[in-house]
Each structure stands twice: as structure tokens, then as C-alpha cells.
Amino acid sequence: MKFEKVDLSFQSCNSNYDESDVVIFSVPMDATTSFRPGTRFAGNAIRVDSFGVEWYSPYRDRDLKDYKTVDIGDLDLPIGAVEDALDIVYETTKEILNDNKVPMMVGGEHLVSYPTIKATFEKYPDLHIIHLDAHTDLREHFFGRDLSHATFMRHVHKFVGDGKIYQFGIRSGEKPEFEWAKKHIHQRKFDFEGLVEAVEKLKDKPVYITIDLDVLDPAVFPGTGTPEPGGMQYKDLLWAIDQFEKLNNIVAADFVELAPMLDPSGASTAVAAKTLREMVLLLHKNIEKKQK
Amino acid sequence: MKFEKVDLSFQSCNSNYDESDVVIFSVPMDATTSFRPGTRFAGNAIRVDSFGVEWYSPYRDRDLKDYKTVDIGDLDLPIGAVEDALDIVYETTKEILNDNKVPMMVGGEHLVSYPTIKATFEKYPDLHIIHLDAHTDLREHFFGRDLSHATFMRHVHKFVGDGKIYQFGIRSGEKPEFEWAKKHIHQRKFDFEGLVEAVEKLKDKPVYITIDLDVLDPAVFPGTGTPEPGGMQYKDLLWAIDQFEKLNNIVAADFVELAPMLDPSGASTAVAAKTLREMVLLLHKNIEKKQK
Amino acid sequence: MKFEKVDLSFQSCNSNYDESDVVIFSVPMDATTSFRPGTRFAGNAIRVDSFGVEWYSPYRDRDLKDYKTVDIGDLDLPIGAVEDALDIVYETTKEILNDNKVPMMVGGEHLVSYPTIKATFEKYPDLHIIHLDAHTDLREHFFGRDLSHATFMRHVHKFVGDGKIYQFGIRSGEKPEFEWAKKHIHQRKFDFEGLVEAVEKLKDKPVYITIDLDVLDPAVFPGTGTPEPGGMQYKDLLWAIDQFEKLNNIVAADFVELAPMLDPSGASTAVAAKTLREMVLLLHKNIEKKQK
Amino acid sequence: MKFEKVDLSFQSCNSNYDESDVVIFSVPMDATTSFRPGTRFAGNAIRVDSFGVEWYSPYRDRDLKDYKTVDIGDLDLPIGAVEDALDIVYETTKEILNDNKVPMMVGGEHLVSYPTIKATFEKYPDLHIIHLDAHTDLREHFFGRDLSHATFMRHVHKFVGDGKIYQFGIRSGEKPEFEWAKKHIHQRKFDFEGLVEAVEKLKDKPVYITIDLDVLDPAVFPGTGTPEPGGMQYKDLLWAIDQFEKLNNIVAADFVELAPMLDPSGASTAVAAKTLREMVLLLHKNIEKKQK
Amino acid sequence: MKFEKVDLSFQSCNSNYDESDVVIFSVPMDATTSFRPGTRFAGNAIRVDSFGVEWYSPYRDRDLKDYKTVDIGDLDLPIGAVEDALDIVYETTKEILNDNKVPMMVGGEHLVSYPTIKATFEKYPDLHIIHLDAHTDLREHFFGRDLSHATFMRHVHKFVGDGKIYQFGIRSGEKPEFEWAKKHIHQRKFDFEGLVEAVEKLKDKPVYITIDLDVLDPAVFPGTGTPEPGGMQYKDLLWAIDQFEKLNNIVAADFVELAPMLDPSGASTAVAAKTLREMVLLLHKNIEKKQK
Amino acid sequence: MKFEKVDLSFQSCNSNYDESDVVIFSVPMDATTSFRPGTRFAGNAIRVDSFGVEWYSPYRDRDLKDYKTVDIGDLDLPIGAVEDALDIVYETTKEILNDNKVPMMVGGEHLVSYPTIKATFEKYPDLHIIHLDAHTDLREHFFGRDLSHATFMRHVHKFVGDGKIYQFGIRSGEKPEFEWAKKHIHQRKFDFEGLVEAVEKLKDKPVYITIDLDVLDPAVFPGTGTPEPGGMQYKDLLWAIDQFEKLNNIVAADFVELAPMLDPSGASTAVAAKTLREMVLLLHKNIEKKQK
């Protein structure tokens, strides 16, 4: 066989599933998006543009080429059938965890974190969640739905319970959400203050990291459905990932809400692609720690 | 009261509901869109840009100012809950028809024509449908759903029955759809040939006109989710509307699938806005005919 | 009457004029713009996109829903007739002030602040002005005109007199403008240093706040005609509005220079929409203070 | 002197003024534009992109390199002062004509044809006008102004008189404009039918050609302020220019209404640049005819 | 192995190399592009957007799913080293032909057709070429290079000889190119007239089809580096492919010059994707004919 | 001669070559760009948009009008012939230096700094280089080429030798590049720390300043081929230029990597234009110092 079929895995993450420790998958779903849709295209946009990203990170001083990662692509989802799509995400996460691999999910809208977290919680009942976001995502209902991008963390709370969710960077929501948060979760408004302490506390707990990239300022990341001015710089996010290096048991992670068409300059896609490199390298180091 | 609240009705269509013969409403839904979403923004984009459209049509030689039309805006829909949203569209159409007014609906994705046609059929059981489109929309299932933008006309067939649907301009679909069409509906591939004859046959029947603007060539109308090269020119569409003038009983109409963000030049929105003017003037003339 | 006409008021600001304390109006004028025009579209772009803005501000801990605000839309202006257009802005502001309401004007180019300030000054002869901007706007003449976006603050000085204007964030202008400023107004170059002291001094004075959004860095706000690199972050602007809370007598306010088409990502429009929410909430609190 | 200053003349049209027969100038004015502005940038956009245009036309079988043409660039205009700006255009045209050269003007909005035609009429009192456009431009008043892009041809009529104006391609206007046209000018709606006959009649008359590029369909030319669907193809415009070859006395010409920013693909600018090449070659051939 | 690596083959063309009759490959090179670059991104843009293209063609009444096609992706090319890159294209084509498969190449700039044609000629010394293009590509030299997108067909002539090249749709070039063409090749200016006759003549010859998509009008295909107004409609191209069905020995084919970033609406990429479906189906039918 | 040919020199830099101290030239080359091309258009985009830039800098308190600067435009380069193009850049720089003028080069891709630095080194053998960049540009080979945008500084090192290159802001590269850097050059990762000390050390040395504008964060400067998140703010760059004022012998300078089409808002071009003003004013002050 002289030529191989085209391979558009993220950057150099083209190991096979069986040999890989970290599994990248993307979820092309933006069904409950209330404002501007388009996050369904995030996965493939990141893949195609990852050509412009180095495999070496000077921040982590590690190299994607030194690790085994597989990219299984966009999940194949029914369109307009929210519950069925969430089931597929749930099953996929479950299988990856059963195979003792670490899932690295790329959204899609933030609701797709719900089934991923749920499957992870079922394996790790003491699961704690670090959640970087501009929005609380803590409503009870939203436009007549129980489960949506604006309510999903409230529903996550229903199974993980009080005191397990740590939110940072929040700058938008309704008043009752902020009041509810005071009683049930850890919430830091506007910035990442307190992250060092949180990481210290969660050091040996099973941790799920979920990053809504709109926690960044729209200057840095305009390619998202609901730009919320007054956010973080990219250096702040890199600093946060530096802190995550101190965690000993990251069991799964995701980032969400890139809508690549909304930023034709490609800068938002570059932000997501670089974040994916940093997260994959973070997860591999974490696996090494656990293997020792 | 010195100042009025802002009024962004389409062009000069700012009569009140009770005094109006034609009712414009828009449906901000793109939940089953398989490719690029964004049609949910069509209604307000057309409203804001209608400032650039004359109220007089040299094609119809009639003036929007001479008729009573109300624009009731975007319907208020739950997000991500397809069935609930369709119900609201259905109920709205039903009430407008009950008030003996003619609905002029603006999509959204093409699935939103389903409840509008259904409500219209219930009032007019001999309903015939003229359907301009690039796509057959005749699948049995699509990405795991029965009811979607790609299947909805098949479902319309279930209640209107054989021989009631007249499709023109079709240039994309699966092979079984084309074969099914031969047996159950009138279908013209690639262009509008046969429209004169169809209009002659349907002259005195109750007729619903549904226009998927992607029947136009993407050159003319790039601002749509699934551009399908090889389509019609705008002059062809104007010619088709000229033919519709010969119908005596148009009972409702719609056009769908403008995704305004996909064409930053604004030309696609201008196409939709001008089409809305022509359609509203067509409907008013038709009402006058019936009143005689 | 079963259905209401479409209402595209900014966010939830849909009270009637008579019952409202704050009156939003927008001025679709960019006639003296020297570089890239388009600010005439700002008002309606903000209205349509305000759907993506919460009514609650976690910064002010107040809710738009708890106040009465009317949005009277774009003023109806002659095109290309600068003086006539300015007269209409002047008369509108005057009427709103006469009705004991607080005007919140949205530009348009910065020249439209001239008639608004003039009308406000005529009611409050001790008027002081806080002016956030990248540009001095202090020229004597500009491209052969006395009154333009580049000269208007010099003309405001003619009636308010020395020491009444406080500029912050200025980073562009001609040398004579900077020299003139030293003698006649308070001017802070490049940033907001000294704002705390200025607010302290103006605490009980009648104050007009005018914000040229290009005081922000083009990273944060690229959708403007003359992007001037080296500006403020959005958090700085939020901090400035925090300071304004300490003023006791804000009598009118505006912000200007959003050109929405220049930023197809929508992030600049989001900046303006959020600023409008913050400003309206600021004005209502100020009215409450005065009513006590 | 080792190096020359940068020269960004249109294509190869870089002769000096004195030696040139045809004088290109551009008018960066969009002051009375009612909808989307930006035509002020047309001239320089065409210059910079003319690099992508050949100097040889296979349509005319002539070469820009074989003729002497000067490009004097954008006129230097006051901003927001419509009358003063028009005066400068008038004076410029007058001087060029006095020097026995043929002006080739590039707009800007269509109003800038008014002073150019006026100056040309004063030299050629029997002036006839061929006018390709989507819009009538025949209103009496427009948004409170006598003289604007929407009224200018009505004002031209005031000095050239009845029967001198030949319009083609018109598809937008108010009803009274179309009625007025029947009595005072030659008007062809929707297409170029009758152009052959018009050219035959005007063969030996002094003729001014003014082309509003929005006569083209927005598919072909989306980069314009008021896209009007249902227009001409580019091949139709090339055919029209072929007809103009039969005229014996073209005394001046212009085209207007390119707004380059509205079409980031650059295709609209390419249309304008190619049209400029064709028009300049047309004018040179015409001069040759007259010199014989 | 529970999950497969991501597969972004064009549409459903995901057979393995050995079992396939047609081999798609793309050439990410735009090194000699004189005007706006970006064609290097064409291959992957088509792959990602091919999701929006049906596998069934109503034009050919054939289905991609019924044939074996492999997509080997972008070739891996050195950057800025024109000759080395061309060598890789040459070797790839040669190997595919040696394996008795039909290459379907996707550019990149048009120069990449040179090595593909050369390798094909070496296998089929009586090779004839059908060339659809806006530009002659027949210069001797171009910006100091012998071999570039503007000269390559002149160089192809050097080995195929007189009378073997059939050009259609040509509307731009230098005068000497058009004159040279009269003596050495078949050239049709402006449209496709004569294609039926050409196909009849070449019926049993080995034929290479090369389509520069800029033969289409920029209205239809704005996403290209050098838009040349006055071109063909998409229906014309479909008609041309219909004619190609009558050829009995198509030995290789390509299309080139999509620059996807230049058309953010995605319509140009849709044109290319649909063309690729039609071409692959054309080639498979041709193979079937030969196998009989 | 009544009218002058069009002059599109940068801002007011329109002196003749002989009388000028500083010579601006631009290099329209992006031949070895690995990711998104388009920097070839930077020079003319800056020229056309420099209309929006003041000639006075409040940062330097100096005025372009008070100095003699010539802008000789884009160099005329062969396309796709890297070595020949570099030779022309080299010869141009050499002649400017021989005429005792200071070259201010505008890229183009970063490789074009190689011949400029080489020519400068030949006149000033003790040349030191201050290099602001996101990328190391220190590879040995890149995609099969010795000399490319990704390797050029390694090749500069070959003639300037160890310890002469000072890099700041670097945040992307391969691991071996960072290791090589430790031994041979001064390299500061991520920010500009140490710049004060470097300037102090280089105070009386001949210094070449090369700024890859992608050292800025993509928020500030999205219009570049390889956006690298986590960069500097524009105020940081202004601060760096303040430091450069303390150098006594700047012998040449450049900035590179603006790709204007990638940022349709124009903000990136504004960043480049303002930087050019600041750099030209910096160079003139430096010349004055040397003349004393």
C-alpha cells in the first residue's frame, strides 16, 4: 500500500486508541445555544488549524511527540435530538474511562459537559469540579428547558452535591443564580483569585476540569456565541493551567464554546488549539504522576 | 406622551393586528439544521435592513403604504426543544387564520414550515403546496430524527396526500427521495419549467407557497446554511412571483433559510427583504381578489 | 387584539415614555466621520443583540427589570444635512430634560454629543463634563469644518468655559490641541489616573458623562471607525463606572462610536450593549439618590 | 536620485497630467448615503488591487500601455460639508475639460456625478446622458435634502432639459419617480433593452456616461451600499460598453458606488477595476476618432 | 479497539488505497501566486465542508457510495521551494498512474497541474488537454520566473506539442499570449462554445481535464486569488461535465484555485466540493467504460 | 501642470529620496510562510490606512511633518523565486545605507529581515540585534529549506556571532531551539523583562531593531499568519520603543508579519501604521543625536 488515507488528527496526536493514554474527542452540538450558534464546528476547525501549533510547549517544557494520544474525531450525533445526543456523549466517556484512559473532550456548547461529567462521576463518586466560565450556568430553567447550556451546572450539582464545584471568572448570570451559588458551591466572581487555595485543597481528590473559553475576554477570544466583555487574558489561563499541574488526580477534562466562524481571523481557533496542546500535556503528566 | 417606543416593524408594515389583513411573523429556530446554523437571526436582520427597501414595487406596481400589514416579530420559543417550538408556531398560525388574516411566515430553518402548513391544512383540507427549493426535503429519517428540515415535506405529504405538492428547482437529495417523488408528488428538477402549467391547474385551489431561498444560486444568496451551486437567478424568482399573481386563493405563505451572518455584505438579507415586500404585496392583491 | 406589534427595545427597557425615568435614544449619524463610517447603525445593532445581555448586573448588583426605562429608538434625521440633524438631537434632549427625565444617548459619531451637551448645559449652567476618549476632539477646524467629531469638545468649551471638562485616556491628537488643553481643561493622557480625585471634586455638581468607546483598546473594541492602539481594557471602563456611582448628580450621559459592521464577531456590539446596561443602571441609582 | 517615491496610480496609468488625454480622479465622498456608507474608499481600493488587472483588454483588443493616462488620485474634500465638496468636484472637472482632456471620475456616492455633469454641460450645452443604475435617483426631496444621491438626476434634468437623459436597468424607486420619468426622460426598467437604438440616436451628440455599478446584480457586485437584487450580469455591462464604442463624442464618464469594505472577497473591487480599464480604453478610442 | 482515529476523507471517499480506482490528493501550494494567496488551504476546507454535500448526484444519477475512492490528503511539501514541491507532485502522480488508478488532483495554484500533466504525458504520449480557465496561463516569463501559474500551459505545450491543448472560457491575458495561442493551441475566448465539437474529436484520445475554477464568474466563485468578472455560471460548468461524459479515455483530472478564506460565506468551497463529487463520479464512469 | 499624480506615501512621509534621512520601503513577500499567507499586502494597506493616523505622537512628543522621510513603496520582486527576491532586498538596503540614510523596512514575512540585516552588518560589523517576536525563528531547517521565516535568525547568527542577538517575548518554538538559544544568544521568554538592561548595554553599539508584530497578543494584532496567544499588549510595545530612545546608534529597523486581510476590522493595520509612525520618529531622533 503506497499511500495512506488522509489523517487530520489534532497536531501530532495520531496514535491508535489501544496504545493511547489520553483520548481526544469532539462533540459537534450547539442545540440549546440561546444566542449565536456555531460551536458544532469547533473540533474540525481546531484539527485543521493545529498545523500552526508547535508540538513543544515552552510553558510545560514537554512535547506532544513524547506521549501517546489518540484523536477519535467528532462524535456522530443525531441533529435536533438533544437527549439522544447527550446519551452518546455519556456512553463514549464511559467507555474511555472503562478502558482506563483519560478523556479530553472538546465542545460544542457547554451542555455537552453534563454527560461527560456524569459518566466521570459514576466512576469517581468523590468527583470535584473546577469550572472556569464567564457565566454561572446555574439556572433552574432556561427558555422552557430543564437541561441546557445555561442550567447544566445546577444539574451537575444534583448528583455531586454541595461544596464540590469550584467556579472562577464568573461575570454574568441572574441574581438568583448568584444567591444560590453562595449556599451550594464555591464561586469566585470576575477573576481567578483563590485558585491556588482551591488546587491545594483538591490536590488528592479526583478532579474534573471544565473550561468555557468565554471566561477569556472577547478581545482574546471573540469566536464564541455569547461574548462577555471584562474577562481574563490568555496569560491568566496559562497561569491557571500551571496551577493545575499541582493536582495529583485529574480524571477528565474539557473545554467548550469555540464558534470558529465568528472569528475569521483564526485567532480564536488558535487560542483553542494551543489550549488543547496545554491540556493534553497536563493530562499526560498527571497520568505519569499516578503511575509512579 | 411626547415620544413613542422604538418601532422596528418590517419596512412600513406597522399597522395594528386588528386592522391588518396580512400578518408577518418570524420563527427564530435552527435546531435541526445539519450544516451551518444561523437562520434564527433572519427575522430581525430583515427588519433592521428593510430601511434600504422601497415600499413601492415596480414589479407589482403596488405600494406597501396602501395596505394594512402587521409585523408581530419573532415568536418567543423554547431553545433546544423542537416539539414545543413547533407547537407554538402551529398555534400562532392557527389563530391568525381563525382571525381571517393571511399569515406570512419568515424562517428559520425549513422545518418551521411544517406546523404552519399543518395549521393551514386544517382550515383548508384541499390545500395544495407550491414548494421552491434546492433540496427535496423528502427523506424518511435524517440523523436519527423523523421530523427535520430534511424530512418535513415527506411528513406534509402524510396529511395532504398524493399529488398535492409541486416542487421546483430541486437539485440535491438522495436517490430514494427522487424515486419516491416520482410516485407521490410533482417534482421539477433544476429549474422552474412547468410552473405556468401548475399555476393554471391550481388557479382556484387553496394554495400554500413555501420558498426555501436556497433555491437561488449561492451567487445570488450566499447567506444560507447549505449553499447548493447551480441554482436560479433572482429574476427567475421574480418571474415565479409574477406567475403566482394568477392564483386566486393563496391562503398562506412563507420563505425560509436566510442565515444573515454568513453574508456580511448584506446582499442576502437584501434578497430576503425584497422578497418579503413582493410576497406581502402578492398576498394583499390576492385578498382583494377574494373580497370581490 | 391577540398579537402585539414587534418590540425591539433595548433588552427589557420597554416601559412607556411617561412612566420612565431614563430615556434611551440613538442617533444614526456619521456625517463628519473622517475615516471609516458606520456608527449610524449602532443603535439598532445594540437593540437586536441585547438579547444576549442579562438584565442583572453583578457589578452594580441591580436589575434592569426593577426600573422604568423607555427606548425611543433611532431619531429620524435628514441625511447629509449636519446642522439640521444636530438641531433635532438638541430638541429631543431638551424635551426629555424638560420632562424631568434623564437622557441616555447612543451615537453615532461623537459630534452628536455636542447638541446633547448644549441642551443639558442650558438646563444646568454649572455643567461639568467627564469625557473618556482616545482622541482630544479639541481642534479648531477639521477638514474645513468648524463643527465636527474632531472639534466638538473645543466648541463645548466655548459655552461651559475653562476648567469644566475632564478628559481621560487621550492618546491621539495634534500638538496644538494638547497645548491648548493644558490651559483650559483637565486632561489625563493614556489612562484613567486621577479619575478618583475628579469624581470627588465633582461629587455634587451637575455632571454629563460622555464616553467615546474608542477609549478602549482596539483589541477590546475593534468595531470603531478610527481604532487607536494602546487603549484601556474593559475592566478599566467598569472600574470607571464604579467611580461614577459616587457622583450625586449625573444629569445626562452618552456613549458613541460603535460601528458594528467593522466587527463581524459581534464582540464590539456586546461591549456597547453591556455598557448601556451598566450606564442605565448607574443613572437609575443616581435618580434614586436625588429623590431621597 | 536612486529611488522614486511610491507610485500607486491605477494599473499602468502613470503618465503626467500634461501629456495625458484621459484624467482619472476619484471622489471620496459618501455624505448623503442613506443606507450603508463606505464608497469613499473606492478609489484607493481600486488603485491597490489594480495590480491584479491586465493592461490588455481582450474585449476591446487594446492596451492601457499604448495610451497616455494620468491618475490624480482622491480629491481632497472637506468632510461633512456637502456643498463645499461638490464645488471642488465641479472645479476639478471644469479645469480638466478646459485643458481639453477627458475626465474619468470614480465615485464615491452617485451625488458626485452632479457637479461633474454640471461642469461638462457648461462646456457642451447639448449634453446627453446615458445612465445605468438600479435606482431612479429622480426624487424631488430625500430625507429633507434637495440634493442627494437619490435626487441628483432630477436636478440634472433641470439644466439639461427634457429628453436628454437615457436610463437603463432601473428597478427601484418610488411610484411618482417612475411617473415623472415617463414625461421627461427615456427610462428602461429592469434591463438594457433599447440601448442599441439609444446609441444610434446619440451617435454624434456630446455624451456623458454615468454608471452606478449597483445596476449589476448584487451577486456580481455585493460591495455596494444598497444592494438591489434582480440586476444585470457583468457580461451585460461588457456588452453595453461594446455599444458605447459606436458613440463618436463621449465627453466625460464616471462610475460610482463601490464600497469595497462590504465585499471582503475583493470580487466587487475587481469588477470596478476591470470596468475602469474598459472605460479608459473606451475613452482613448473615442479621442482617436475625434482626432481624425 | 473500541474507537477509530478521526477520518476526514472527502465525503464518503474513504476506501483504502489498494482497493480504490480513483485517488484524490490535494496540493497545498500557492508559492507563485501573484495576487492573493490562500489556495494552499483548499484541500482541507473541501474535506471538512463535504459534510454538506450529498453522495448522490442528480446530474449524473450516480452515487459516491457505489464506488471505491481513496482520499490521501494534502501532500507534504517543502515551503518556498517551488521545484522540490513540484517534484513531489510529479512523483505522486506517477505512482498513482503506475498502480493503474486515476488521479484526481485538487490544487493549490494552477502551477501544480504542470507536474501532474507531465507525469500523465509520460504514460500517455498522445495526451490531449481540456483546459477551462479565465486566464491564458501562456506567458513566456512572469515576474522573472519561467515556471509559474501564469506560464505553465506554455511549458506544457513544449512537451505535448501543437494542437493538443483546448482552452475554453479565457478572458484575461496579455496580447502576445492570445496571438501565440492562435498558432499553437485551440482557444475559445469568453465561453464554452465549441466544447461539443472538441469532445467529439477527442473521444478516443487520452484526455487530461484541468479546471481553473476561476473560469466561473466571481459571483459564483468569489473565493479565488484573481477574480476575473464576466465568467461562466455554475450551470455552464455542469453542462461541460455532461459533455465530458462522452469522452472514452479520461486519464487524469484536476481542479485548482479555490482560496477558501476569501469567501467566508462558504459558497465557493461548496462549489469546489460539488465539483469534486461530479468529477469523481465522472472518472468512475469512465473507468467502467474502459473496463468493458 | 495643474494636477499632480496620485501620492499614496505613508502619512506625510512624502519628501524626495535625496533630501530624506529615513527611507521607508516595503517588501511584498510571503513565499516561505508555513501557515496563512498575506503579508505581501502589508505595505500598501498601511499606506492607504495611514490617513487615519496623526502625524504627531504624544508618546514621543514629535511630529512627522518636522522631518524628511521618503517612502519608496513596495519593492518589485519576482514571485516564487525566494533567492532572487532576497537579493533585491539586500541590494536596496545596501544602497540606502551607502547614501547615509537609515532604512525602515516593512515586511512581508520575517525572512525578509535576513537580507536587510546582512546588508546592515556589512556596513556595521559590530552589529547587535534587538528582536521582538513570538517565535524563536532559530530552526536549522524548516520544511526542507535552510532559509525561511522559521530559520532566518539562526542564519543571522552565522555572521553576527555569539552574544549579539537579544530576543524578547518568545513563546513558541521547538525544544532544540530554546536549548541552542541558551548557548548562543540572549533570549527572554514570554515578556520584555531585561530590556532596560539590554538597552543600557547596547547604548553605544550599532543596533538593528527587528519587530515581528506577532510578539503582540492576537487580541491586539489578529491580522497575522500564525497568531500565538499569550502575547504582549500594545502599551508594552510602546514602552519598548520608549526604551529604544536611549540607544545612541540605531542603524536600521524593520517590522514584519502584518497580513491585513486576516483582520477586516482594520485594527491590526492601525497597529502597524501607528508603529511605523513611532519607529520613524524614533529613527529621526536617533539621527539627530548622531549629528550632534
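Chains here go by letter, A, B, C, D, E and F, matching the order in which they are written, and residues are numbered from 1 within each.
One rule holds in what follows: a residue touches a chain if its C-beta (ideal position, glycine included) is under 8 Å from a C-beta of that chain, and two chains touch if they have at least 3 such contacts.
By chain, with names taken from UniProt: A, B, C, D, E, F = Agmatinase.
Note that the structure is predicted; figures quoted are calculated from it, not measured.
More than half of the contact pairs at D-E come back, by residue number, in B-D, the repeat among B-C, B-D or C-D.
Two chain pairs, C-D and B-C, are compared here, and B-C has more C-beta pairs in contact (counted per touch definition above). Chain C and chain F have CA centres that are 38 Å apart. Each of the following residues of chain C touches two or more other chains: 34, 36, 217, 219-220, 261-264.
Residues 51-52, 54-56, 58-59, 61, 63, 217, 219-220, 233-235, 238, 263-267, 270-271, 274 of chain F are the ones that touch chain C when the two sit in their complex. Listing the residues of chain E that touch chain A in their complex gives 1-9, 14, 16-18, 23, 25, 44-45, 47-48, 70-74, 92, 95-96, 99, 261, 264. Chain contact summary for the complex, chain F toward chain E: residues 30-34, 36-38, 40-41, 77-82, 84, 142-145, 148, 261-262. Only residues 34-36, 170-175, 178, 189-190, 217-220, 222-223, 226-231, 262-264 of chain E touch chain D when the two sit together in their complex.
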